[in-house]
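Naming follows writing order (A, B, C, D, E and F), and every chain is counted from residue 1.
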Amino acid sequence: MKTMEKKAISALIEYDDASPEVRSVYDDIMATRKTDSINNFWKALANHPATLRRTWESIKEIMAPGALDPLTKELIYLAVSATNQCQYCMASHSASARKKGMSEEMLGELLAVVGMANETNALAAGYRVEIDEQFRQ
Amino acid sequence: MKTMEKKAISALIEYDDASPEVRSVYDDIMATRKTDSINNFWKALANHPATLRRTWESIKEIMAPGALDPLTKELIYLAVSATNQCQYCMASHSASARKKGMSEEMLGELLAVVGMANETNALAAGYRVEIDEQFRQ
Amino acid sequence: MKTMEKKAISALIEYDDASPEVRSVYDDIMATRKTDSINNFWKALANHPATLRRTWESIKEIMAPGALDPLTKELIYLAVSATNQCQYCMASHSASARKKGMSEEMLGELLAVVGMANETNALAAGYRVEIDEQFRQ
Amino acid sequence: MKTMEKKAISALIEYDDASPEVRSVYDDIMATRKTDSINNFWKALANHPATLRRTWESIKEIMAPGALDPLTKELIYLAVSATNQCQYCMASHSASARKKGMSEEMLGELLAVVGMANETNALAAGYRVEIDEQFRQ
Amino acid sequence: MKTMEKKAISALIEYDDASPEVRSVYDDIMATRKTDSINNFWKALANHPATLRRTWESIKEIMAPGALDPLTKELIYLAVSATNQCQYCMASHSASARKKGMSEEMLGELLAVVGMANETNALAAGYRVEIDEQFRQ
Amino acid sequence: MKTMEKKAISALIEYDDASPEVRSVYDDIMATRKTDSINNFWKALANHPATLRRTWESIKEIMAPGALDPLTKELIYLAVSATNQCQYCMASHSASARKKGMSEEMLGELLAVVGMANETNALAAGYRVEIDEQFRQ
């Protein structure tokens, strides 16, 4: 424990070493996702159980079917993660998106839009484009 | 012309002042989008006609229906623009998305996912989470 | 003074209200840039004189002619500022760049590269492209 | 093919496995760049041939000599890529920039400007600096 | 309602127009913060009551005193907001931080660190610095 | 030397190979930090001695005790680095922060705030929230 404090990187908390509070979140993740393994992301968050619980409950609520279907939500997640250069998030969420039905063609079109949006975002800033009157209200 | 060089901000090129090359892009934008006005974004890009033409042709190709429908593509555009804090792009593309059928509820769910993805992107970086073996390949 | 503490926005420190330490930086800025006015950026930094001095001295050193000429350095500044959506920085540095000789055509080509780089940065992250062996060393 | 759909990471499409459409882009890349190898970036984009073709044609047009020379354009590319923390892009474009004549001293000055611009972008936002009257038009 | 769908910008939901669900969140915000007004941020989130409730509950939990005191947490909030160029967030959170005791000197030192961190983040990416062996574990 | 020019990655300059100018900075780093090793970050910056010297002197000044204590400053550094997805900076500065007294609980609370700030920054942009009158001045 004392040596862990000195380490630069956070430990991954395995199920067997987890507190009851953490285990109950892990159990809900595995039940909801119909899987028997826990991703490293959650094992890292388990270092701060309040963050683990709150993040899981928020994601579970946000990613559930609603006006947007779960696959569309995963595509949006990937769009943000590619924009932010988050390598872990691209890795884990492209796997989730594929599980929910994302084809190679859909990924290709998604990334084409993401690339173009990043390009035009920079162009709008670079040309200092003023917002059109009709978009102000 | 000479005074424009001294200005800090780029001019907006109106249709009447545009070269034939720029006008033909404007014409295609208005025909494709079934509108008779041109957004400030395009009027600013018209300062560099090659960028105007290339950006328009790319967007026209990318945003067309494919494996993803045009509304989903607009949602992805908004996800990137909110992440990048691009105020112009949020303004113009939330208008386009509404035209293509985005309801308030869909916008709400979109932004909930965008907010959560930005949060977990930062958490993944902050905890320095290593990519799980099963996501490496 | 006490009311300033309550304001959400930082005051702009005018020359006449400035301490001798701040004035000496203002004097050096005006002498170096051959102008008799001070931009709002410096007037805001003057709220923390150590930051004002250090930032000015760093910029003066960095933007001086070297292996890269001052105009190229301004173009690089603009590339970063457009990428970061920094509206103030685009406004002030596009004025500086124009003073140092940036034409509309150069601005157009600069922004075309900036847009494309932001697009391909997102594509590289989105496709999770592995670094080629020959670029590793 | 079916197993590829299940993988979290995109395949790299080698020349021998590529469709005629992809091969013709690869051929043009190798002819234009006077090389006989294709970077992983293009091999990844080849998963979506329309993106491969459009991205290559755009880059070829944008990076060609114009009001800015090709080396200056590579420096701008690097400025954006360092700002975005795009590790792949820094790796591949610092190699291209060196091929086009970037010395260690030029890279050093480039990164000094990039670092300073990122610093002052954050300071301008942090101090909420209002745009000076003379930069508004 | 129908006209709101057509607007590019989200409505701000005032207390008097709010549903009971939204009002109960507004009441809790005002009670917790010992104020009788609601910021525009919450009035905008009220367009999607689930996001309003979840975001408020998360912030209330996260910003409460813990191993870090509330002022330190506000400083961290400002550091992220300046980095992201979020103008709204800088405006609202610099007011909150001042209420919790942030002096001009503390803001100055905060922004000096934020500026420097953004600079060295770009330098680390630009020089492609490899992580030291002792920081890997 | 000549071959180094051809490499895509910058060399790390070891003490024994360093110029007197670089060595004197290394000596000051080791004396100030009471350590006998130099991190890769500084060894990479040593490729451009002016950047090495200026960056070190700036950091030494900025991170010194003031209105904010050194640990708070490290937390702010980490907040920026997680937001920017700077893996090197998270690695090196989480080690520094731990040395200065950051506990696992403090890191957990820090990252919870960082995550939430990144979320609400995106929400503020996404909902295009207008700055409240009382925050404008």
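Heads up, the rule we're going with is that a residue touches a chain if its C-beta (ideal position, glycine included) is under 8 Å from a C-beta of that chain, and two chains touch if they have at least 3 such contacts.
Nothing here was measured: the structure is a model prediction, and the numbers come from that model.
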item: Touching chain B and also chain F, the following chains; value: A, C, D, E
item: Label of the chain whose CA centroid is most distant from the centroid of chain B; value: F
item: Rotational angle, Cα trace of chain D fitted to chain F, multiple of 5°; value: 120
item: Identity of the chain that, by mean CA position, is farthest from chain E; value: D
item: Same-residue or different-residue interface between chain A and chain D, half as cut-off; value: different
item: Chain pair with more C-beta contacts, A-F versus A-B; value: A-B
item: Centre distance in Å when chain E and chain F are each reduced to the mean of their C-alpha atoms; value: 22
item: Intercentroid distance (Cα basis), chain E paired with chain A, Å; value: 20
item: Centroid spacing, where centroids are CA-atom means, of chain D and chain E in whole angstrom; value: 33
item: Of all residues in chain F, the ones touching two or more other chains; value: 7-10, 47, 50-51, 54-55, 58, 62, 80-81, 83-87, 91-92, 94-95, 103, 105, 107-112, 114-116, 118-123, 125, 127-128, 134-136
item: Contact footprint of chain A on chain D as seen in their complex; value: 4-10, 47-48, 50-51, 54-55, 80, 84-86
item: Residues of chain D touching chain E in the complex; value: 78, 81-87, 90-91, 94, 107, 110-111, 114-116, 118-123, 125-128
item: Chain A residues within the chain B interface of the complex; value: 9-10, 12, 39-41, 44-45, 47, 51, 55, 58-59, 62-63, 66-68, 72-73, 75-77, 79-81, 83-84, 86-89, 91-92, 95, 103, 105-106, 108-110, 112-114, 116-121, 123-125, 127-132, 134-136
item: Partner chain F, residues of chain C touching it in the complex; value: 7-9, 50, 54, 58, 61-62, 134-137
item: Chain C-touching residues of chain E, taken from the complex the two chains share; value: 85, 91-92, 94-95, 98, 103-105, 107-109, 111-112, 115, 122
